[in-house]
Each structure stands twice: as structure tokens, then as C-alpha cells.
Amino acid sequence: MSKSLATHMSPASNSHAAMAPVMEVRGLSVVVNTAAGERNILTDIDLTVAPRSVLGIIGESGSGKTVLSRAMVNWLKPPLAITKGSVRYDGRDLLTLPAATMAGLRGREIAYIGANPTSALDPTVPVGHQILEKLRAVAPELTPQAARQRVIDTLDAVRIPSPKQRFDEYPFQFSGGMMQRAMIVDALVSNPKLLIADNITQPLDVTVAAQILRLLRDLQKDFDTSIVFVSSSLGIVSEIADDMIVLDRGHIVERQSVRGLLATPEHAYTKELIAKVPMIWASAETPPVPSSGDIVLDVRDVGKTYRVRDRKAIFAERQVRAVRGVSFTVRRGENFGIIGESGCGKSTLSRLLSCLEQPDAGQIQFEGRDIATLKGRDLLGLRRRFQLLLQDPYNAIAAHASIGRTIAEPLLIHGLGSRREIEHKVKDVMAEVGLAPALYNQLPIGLSAGQRQRVNIARALVLEPELLILDETLSSLDQVEQAKLLDLFETLQVKRGITYVYISHDLAMVRRVCARIAVMYLGRIVELADNDTMYWRSAHPYTRALLSAVPTVEAKPYRTATYLLEGEPPDPIDIPPGCSFRTRCPFAFDRCATDDPSQTIYADGNASACHLPLNSLPAPELAH
Amino acid sequence: MTSSTATAAGTTAAPKTKYRGVTARILRRAWGQTEMKVAASIFLALTLLTLFGPYIIDASATKMSVANKFLPPIFMEGGKLPHFLGTDQLGRDLLLRSLIGLRNAFAIGVVSVVGMFILGCAIGIYSGYRGGLTDVILMRLTDVQMSIPVVILAITVLGMSRPSPLTIIAVLILASWPVYARVARGVTLAERQKEYVRAAKILGASDLRIMVRHIAPSILPPIAFVAVLDVARMMIFEAIFGFIGIGIQPPTPTFGTIIASGTQYLLNAWWITIVPGVLLALALGSLNLMGGVLERARNHILQGGE
Amino acid sequence: MAFAIEFFLRRISQGVVIVILVAFVIFTLLRIVPGDPIRIILGPMASAAALEEKATELGLRDPIYVQFGRFMGQVTTGDFGRSFIRGAQGGSAGGSQDAAGYNPESRASVSGLIANALPYSLQLAALGIAFAFLVAIPIGLGAGLRAGKWPDRLGLYVSSLFVSLPNIWVGVVLIFLLSAKTGWLPAIGYQGFAYTIIPAMVLAIELSPVMIRAISVSVAANLGEVYFDVGLVRGLSRRTMVAKHVLRNAAVPLLNLFGAQMIGMLLGGLFVVEYIFSYPGIGMLTINAVFQRDFPIIQAVAILASAALVAINMLVDFASTTIDRRLKF
């Protein structure tokens, strides 16, 4: 297939050559049986997993990578079927083993971790007990006490804080990252020879994913396990893998060492994949500049607290402080970005901004009027000029109404125009966002995510809003579709002078479109700066940690090792005194534990909330 | 499946396949099952018999005839035409009495289920959508209602007033609406979290509009499928009321009174009780089987099946 | 622990409110339906003047809320009043004999009547539930574990068949087949444990289809959960997953079913079955009371039935939140 493939496969250049491979897949083909007949999912897959190595498999959604990783544990269910090939492990072909023998290998010698940690365990049994149950099943020779100790030790080894207490907690009490660590414990507790990790960082935030990657790398050495690491993110696979396989629509198109693949990709598809990884710093595009228009949206010291019942005390409530004193302004014609990881309060903020909930403290002013005081007709008037686009293109549109009717709904609500005028307007806006007129009378079932999001956009645009809040609007779309819609937004901005607020966790996207950016952590804005300052000379350690953890394939100004965060964000119920970021901050010092830093506003209008002087953070390792 | 070359369907092409709504898919799936076809055929046959039987069979359901009393069904020795299923202690034709009973029971079943469906779902959607104190009060109200057993309520109300089809329907609705309210509320709670509701709010839709135009159309059809089962349940209640003597009053025949009157003659003329019951069970069986298949088809489709 | 205390404090207080509301509804209902209680007590022969005098003396002319308050006051001491009709020595007083010298003491106390009837009903209910379990658990589990296969069909057929058999008819048919025709089992009245068997079978036929459906649906749904599939890849056997996890998770919706639906159905079923079989339980007592307009018995039974339902629901919810900690309370 390629030169590097030949060299990789030849014994002379392979340091692991002396030892037999852990797993060898030969000529594996998988089909899916549908009503329309068989369709190929995997075709003639050959791969070898060397001992003590990490084999990365990269492929986009639909490339067959999950099917491949499941086939490697002989765990495919109808309508999927293996048509030919072998999966050799320890001198045996797993595909021809009796079901009972195969079941004996799964979870013992070959472990598998999937992409969905939060639903991977029985929700009604404590996590530790379930891991113990598995360990007792695979290692019945251990005494109950020894097994329990081993589980707790392994929980400790993956840096789950207070493992003894965590042992008795339930899956829903674990965050996604913690749960994924627990699943790693579950996989490694039986000392498997091979671990198949299928897209395990996919649901996690970048800083947590970075921790998991480092953890897996360390554990692989300690436990002497080979890992097959499957992912759709080139940036992530390249952080951990030794060798890499590129999967394109069921075919292996290239295999190389990571370094080789990134430096000299050979197959056209690989090159395309690499080109698609968004560039944050190496991009040639100049980021948008702040606008000097009038202030459209003025958010002043807004706060929101929810109450939850406390199970540990009688008639007690606990306060979840979701948003704490957030302030920013957005000027007309500007693109403003709000970024942060899960639980940072950005979705609460979005609900407050869209007037679905009222803030407990502070004010949100739209064109000088406090939106909390608006009622009835005034509120309806506000809704016309101030729209919000939601994240999920599937649930945002009702399944039972035609597309034309869905887009017409806001006009009907606001009583704008006769039946004919409305139809006319709807068709105009459909053309504007790129929806075929033929869709007017169709139900949305069967539309792609991108098309659905266009319906969504059309529905908001038909009211001719002045301000559009985009709450993770593009995050479920692939890169190509995302780029198309960003272009559409830009065109609309030029044509109609719309102001956008992007709420997102996608740092590359925000880098491309936003002029000014706010970074949120635990319900608070920790840094607010213009685009270039934010990405090149950030003043807050959290911003730098976020940027250092972004999986990219370019050189970064912030080195991952310098800014790697410990642990997870604290529970918004128990916000630590002092600086709320100090529990994870690599630069925290004694003052941080007592004083809560207020926002310091610098000469250039940017601001950050950190006790460290502006230039006391390590100098960026890459100059602009 | 997205891949590098196949980008989203493009901006001009309409989807190729014809997609159906959830309701259509459930019905199609259900109709594909043999049980559904069998049950529907039985139901259709009984409907036709009920509609046209009284005109074809040359006998009377109410006129007494001493000469013809205790006639067994025609498949037994001594049976004679036109009394296919024999006669009762007063010589009335059992088939005709059963058919009229069936018609009345079915009418009461359908009307009361429609009534409890509308009342229950309206309250359920309102309660689930409003949440908060409204929800607590309305749900406690369903608790109150549900904690009075149907039969106690019915015998108290019907036993002490004059039972008529309307009061029977009223009692059935009153006793069973909380079940629908509970179900509709549960689905609404989940539905309210969905983004389309939030989207409608942001667009400025009023709460009433969201409940009526957005939530109701998406949650009601699946609940309605299960309501078929309740028609059968209500028909059983109608029979029980008749049996206890608090149902539709004689001389109008109902299953309850037919069965009750036959119990005295069980040893000599068992068919008076047993045979009409078979007819009723057949009718209920076809309804329940259809309901069961629809329920399973619904679960299958809602869980992502085709 | 704190959770349990708060849970019960909340639910008991809510439950008391519900039971009082039910009591008020029934109490009012019984006083607005046609039929003057005093006429029932004294019988058709009493003169109008005597009626009024006695009614005022017994407080029957007070406003409903005053009567209700007085009644609830008695209830808190366990006294549900006295029957209008039944004599203290058993048997019906008929209501006509002592028009002039009616003395409440001569009538049976409602709590006593209920205490006598209750054990019979409990015995019937317990046996009925046991029969229903015997049928529903194997069929329901089979249908849930083998969705789409023959046990699943069997579950559908059995539940569709049973749910289509009206209990009044099944009762008569079973009397005919098992008692009248063959003489295997006794059927009418009560003179020993054997008299409970046929009524319990009728109850079981009524209860089991709901159980079969619920068991098969919740077991099948749990087999479709991610955790089940993952458990098998994690190295646990299918048997372990079913026994330790699927059944545990499936129990939550089942418990709710038992609270919300089953107990109501059971109560309703008891009434009808006892009536068919002249079985001397609460149902028989109540139906006779309705026909005789013996209001104190009706309201006492309704209040106790709703209290029982509320209490069972509370226990069921507590069990559910203990199994699944995610549930709110």
C-alpha cells in the first residue's frame, strides 16, 4: 500500500519485533444487512497490535471505526455480520471461538471501553460495587477484602479523589470525566493484555480529555497493556498513539507512525483529514475586530441561583450558584463569544439572555431596556428583535409540522401578515438560508442535521432580528457544514447588520468568528479580551489551560504540560472560598485561598480575574 | 453517514425517500402483524353482525315467549332457528340480546374513553407544563381521585341515583381521568425539556399555544393507541354495573343483566350465562389484541425501530 | 437516614390531607344523593314529626361541615359511628321496628363490622395475588427476556385473553365448571378456606394481564439499556446481568405499578368477586350497605380504602427511591 507501511511491517525496523503481536486482524470484512440488501461496513481490514504499544485508529463518523473496535472483541450483533477474515489473539481466532470461551476472554484479557461512560453502568448500584462485582467474576480466587482493596487502589491510581468514599457512590454522582476514569479502572482492574478504547474522550471537555489521555499513557506503562485507541479527532489520537491507522469508509487507507503521518501524509484522504483540523494559531485568516457601534446588549452583574433538595438533612436545601456576577457588553454588528466547559454556567446564561428565566441579581438590558421588566406586548416585541438559536437541530423542530409551517410559526405568533404574505416571506427566507422550495410542504423527518439547523435559522430570521444568540448552534455539525453556515451568518451580518453572540465550547470556531471573547468558569467570567489577546497573550491561567488542551496538530503558544489542570471543576454547590479556580490552578498561591479576585481591567480594555500580575505567567512559547 | 465526500444532502436536493410521521409508522408496523389482521377481522365481523343482525334475524330481544323459553343454542340438541344462541328464561332471543348489549356497551366504552382522554390529557398537559404549585395541587387531586376505587365510586353514585347511559358514562369518566392525567403529565414533563418547546417560547409563543399546538400533537397519538385497551376495560365495567344492578336498567338488555339472570338457571340452562359471555369475550379480545399490538408497535417505533 | 425521615414526614402529611379530602368528598356525596338518612334509620313508618325530632337530636340537620367535623373527630379515636341498619347482635335491624325508641346503641358499630369482614378480604386478596404471581411472573419474565420470540407472543396472547374475560362472567363460569358441574370446590358463601380458592382464581385472572404486560415491558426495556450490553463486554455473564441488574432496575416501574394501579384494581376486584360469591368480606359488606343506604359503612370503607392506597403508595415510592437514588421524592 505505501512505503511506510512496508517498513513498519518489516521486522528489522520494529523494536517490538522480538515479541509476538498481541492481536492480528487479517482480511476482516463486515456487512450490515438492511431491507435493501447487504452494505459493506468494513472491507479487508488488516492490522497488528504490537505489545506495549498504542495503536491509534482515526476515522470520521461513519468510517466504521466503532464496528471495527467491537469486531476486535467479537461483539457484533445483527444486523451487523462478519463475512470473512480472522481476529487472532494468543494463537486463537476469536471469531471461531465458542461463545463461552469468548465470553471468558472479554473483560478479562481483552477489555473494552466505550464512548458513553454515563450510561455504561447500572444506575441503581454504586460504582465501586459494580467494579468489584466484575473483578470477583474475572478473578474468583481473590478474597472479598483483597478484591475490594484492589478496586479502591485502582480508583486511587486513576486519581479519583477520596476513592474510599467514591466506592459507595452512584453513577449519577460521577461527572462524565470521573465516570470515564471509573470505566478505565473497571477495564484495568483485571490486568488485561489488550485494551480497546473506542472514542473514550468524545463526550468530555478538552481539559478533562487531556487528563484522561495523560492518565491512559501512564497506566499503559504501569499495567503493561497494549491499547487500541479509536477516535475521530486527529489531535487527540496523535497525543497518545505510537502508530496510526486511517480508516475511510471501511477501508484502511494509510498506516504510519504518528510523527510520519502528521509530517508526510501519503494518502489523499489523510491529507484532507489533516487539513480539516481547524487551525487556531497557524491560521492565515485575520480574526474580526471589535465593533465601535452602539451598545445593543448590556449585561450587568447578573446572577442566578437554583435550589435543590438536600438528601442528607431534613427539610434542607442547597444552593447551586449557576451564574455569579456576570457582566459584559455587546456592540451593534459585533460578534461576541462566550466560551467555557460543561457546568461553567453558559447554558444558564443563555436561558437568562433569552428571557426564559429571570436573573436573581443584576440586569440584562437590550437597547437600554431591562428585559426582566418587559411583559405581554413589549416582551413579544423584544422577542422579534432578539432571537436565540439552540444547539440540537433534531429536537428544536417539532416532528409533526411541515417545514413551511414550522418556519411560518413565528409570523403567525406575532400576527405578521396575511396567509399569502407569510407564505411569500417564508419562501424568501428559505431561499436565503439555502433550503429548497420543494421542502416547504414536507415533514422534517429525514432532513440532515445541517438542513434542520437551516430550518431553525430560517425560523429565527423570518422575524428579522437584530441580535442573534447562537447557543452551541453549530457544535453538532461537521466541519464542512459548520463552515457553510458560518459563511451564511457572515453574509446575513453584512446584509442586515445582525449582531451575534456565540455561546460555545469550540475554541477554534470562536477564534475564527468572534471579535471579543469571554471565558467562563464556575458561573463567572474569568477573562474577557479581544480575540488576538485571548489566543496569544491570555492573562488568566484557566484560559491558557483551555487553549493548551485543545486537540490540534499545530504548534501552540501554551504547552500542555505547563497548564495541565488537576481534578475537575468544584461542584457549584460547594464553591471554594477565595478564587474559585484555585483548586485546579497550577499557579495558585496562598492569597488565592482567601481573596476572591475581582476583574482587573487593563489599559487595552481587556479584563481578567486573577491575582497574578499580567506578565508573571510563563511567556507564551510561540510569538504572534 | 457523513464522510469526507458525501456532505449533507446539499441545498437544492429534497430528501429522496418518502418519510412518514410517527403515527403512520406505528400503524404500519401494527398492521404488519398477523394478530392485528385477525383481531381486526373479528372486530369487523362483530360490528357488521351488530349493525345488521337485528334486521336479518327474525326474533325479538325483548318480547317474551313462554313457548320458546330455555331453548338451547342451535349446535345443541333441541335448539331451533331463528334462535342461533338459544333463548333465556323468558324466551327472548339470546343472540339479539347479546348484540344489543354489545352495541350499548361499545357505545358507552367509546364515549367514556373519549371523554376521559380529553379531560385527563388536558389536565395532565396543563399540570406538567405549568409545574410548581399547580402541578402539586392537580397531581394530589389525581391521588385523591385514584384512591377512591372505581367500583366504590360507581356503586355509591349509581346505586343511589337513577342509572342511565349518561350517568354511567359520567361515572366512568370521573373515575378514570386521573390515569390519563398522570400519563400525559409524565410525557409533558419530558417534552417540556425538549428544545422545540424552548424554541417556541423564544419565538414568542404563548403558553396556551405551546400546549395546544406544540406539545399536544406530539404526545397525544401514542397515548391514544393505548386508549383502545381502555374501551374494552370500560365495557367490562358496564357489564359489572349491569350485573350488580346499577347499570342500564331493564328491559334494555346488557351483558351484566343477561349474565346475572342466567345464574339461577346455571345447572339446567347454562348457556344463558355462558354463551353471551363468549360473545362479549370475543369482542373484548379483539379490541384488546388490537390494543396490545398497537402498544407494542408504539414501543417499538418510539425506541427507534422501523 | 435524614432522607427517610423527611420523606415520611412529607408524605404522611400529604397523605393525611388526601384522606381528609376523600372523606369530605364521600361524606358530602352521601348527603346530597336522594334519600334522607333519618328515614333510613327509622324506617318508612315513622311520622314526620318524629323524624325531625330524632334527626335534630342526632345532629343530622346541622350544616354538612359541622357534621363532617364531628365525624372526623370521632374517626381520630377509631370510632366510625354505628350502622343505620345492622343490629349490634348481627343481622339486619331492617330499620322499621323501633320508630319511636330508636337507640343508636342497638346498632352494630362500623369499626366492629369492618374488623369482622377484613380478615376474609385480606385472605382472599393474598391468595388472589399469589395466584396472579404464579401465572404472571414466569410468563412476564419469559416474554421480557425473549422479546420477539415465542414466549413474547405467549405473553401477548395470555394477557389479551385474560384481560378480555369480565370477572363477573369468569366467576359464573368457574362456579359452573369447578363447583356446580364437578363438585370439586365449594363456591358460595364461606365455611372454610376452600371457599376462597375459586374467588381468588377470578381475582388472579383479573390481575395477571396487567402484571404480565408490566413485567415483560420493563424487563425488555432494561435489556435494551446500554449498561446491559456494556456489562456483557465488561466480562459479566448474561445470567449475572439479568439476576443482579436487570431485575433490580425493572423493579422500579413494577413497584409503581403495584402502588398506583394494582391496589386500586385489587380493591375493585374484591368488591365484585365478593358480591358474586357472597363472600363475607368488606366488599360484600359495602355493596349491601349501598343497597340499604347504610351511609356510615360506605364512608368508613371509602376512607379506609383511600388511606390504605395512600399508605401503600407511600411505601412503594420509598422503596423506589431507595432502589434508584436518582428519583426525586
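When the chains are written out, they are named A, B and C in that same order, and each has its own residue count from 1.
Operating definition for what follows: contacts are C-beta pairs under 8 Å (C-beta built on N, C-alpha and C of every residue); 3 or more make two chains touch, one makes a residue touch a chain.
Given the structure is predicted, the values throughout are model-derived calculations rather than measurements.
Enquirer: Across the interfaces A-C and A-B, which one involves more C-beta pairs in contact?
Expert: A-B
Enquirer: From the C-alpha centres, identify the chain that is farthest from chain C.
Expert: A
Enquirer: Let me have the rounded angstrom distance from the C-alpha centre of chain B over to the C-alpha centre of chain C, please.
Expert: The computed centroid separation for chain B versus chain C comes out at 23 Å.
Enquirer: Please compute the C-alpha centroid of chain A, do the same for chain C, then give the distance between them in whole Å.
Expert: Each chain reduced to its C-alpha mean, chain A and chain C end up 53 Å apart.
Enquirer: How many angstrom between the C-alpha centroids of chain B and chain A?
Expert: 48
Enquirer: Quick check: in the complex, which residue numbers of chain C touch chain B?
Expert: 14, 17-19, 21-22, 25-26, 29-30, 33-35, 156, 159-161, 163-169, 172-173, 175-176, 180, 213, 217, 221, 224, 260-261, 264, 267-268, 271-272, 275-276, 286-287, 290-291, 293, 298, 301-302, 305-306, 309-310, 313
Enquirer: Touching chain A in the complex: which residues of chain C?
Expert: Interface residues on chain C, with respect to chain A: 2-3, 5-6, 9, 225-227, 230-237, 240, 244-245, 248-249, 252, 323-326, 328.
Enquirer: Touching chain C in the complex: which residues of chain B?
Expert: 35, 140, 143-144, 146-152, 155-157, 159-161, 179, 182, 229, 232-233, 236, 239-240, 243-244, 255-256, 259-260, 262-263, 266-267, 270, 273-274, 277, 280-281, 284-285, 287-289, 292-293, 296, 299, 303
Enquirer: What residues of chain A sit close enough to touch chain C in their complex?
Expert: 73, 75, 103, 106-108, 111-112, 114, 116, 119-125, 133-134, 137-138, 170, 172, 186-187, 190, 309, 311-316
Enquirer: In their complex, what parts of chain B are in touch with chain A?
Expert: 1-4, 7-9, 11-15, 17, 19-22, 194-196, 198-206, 209, 214, 217-218
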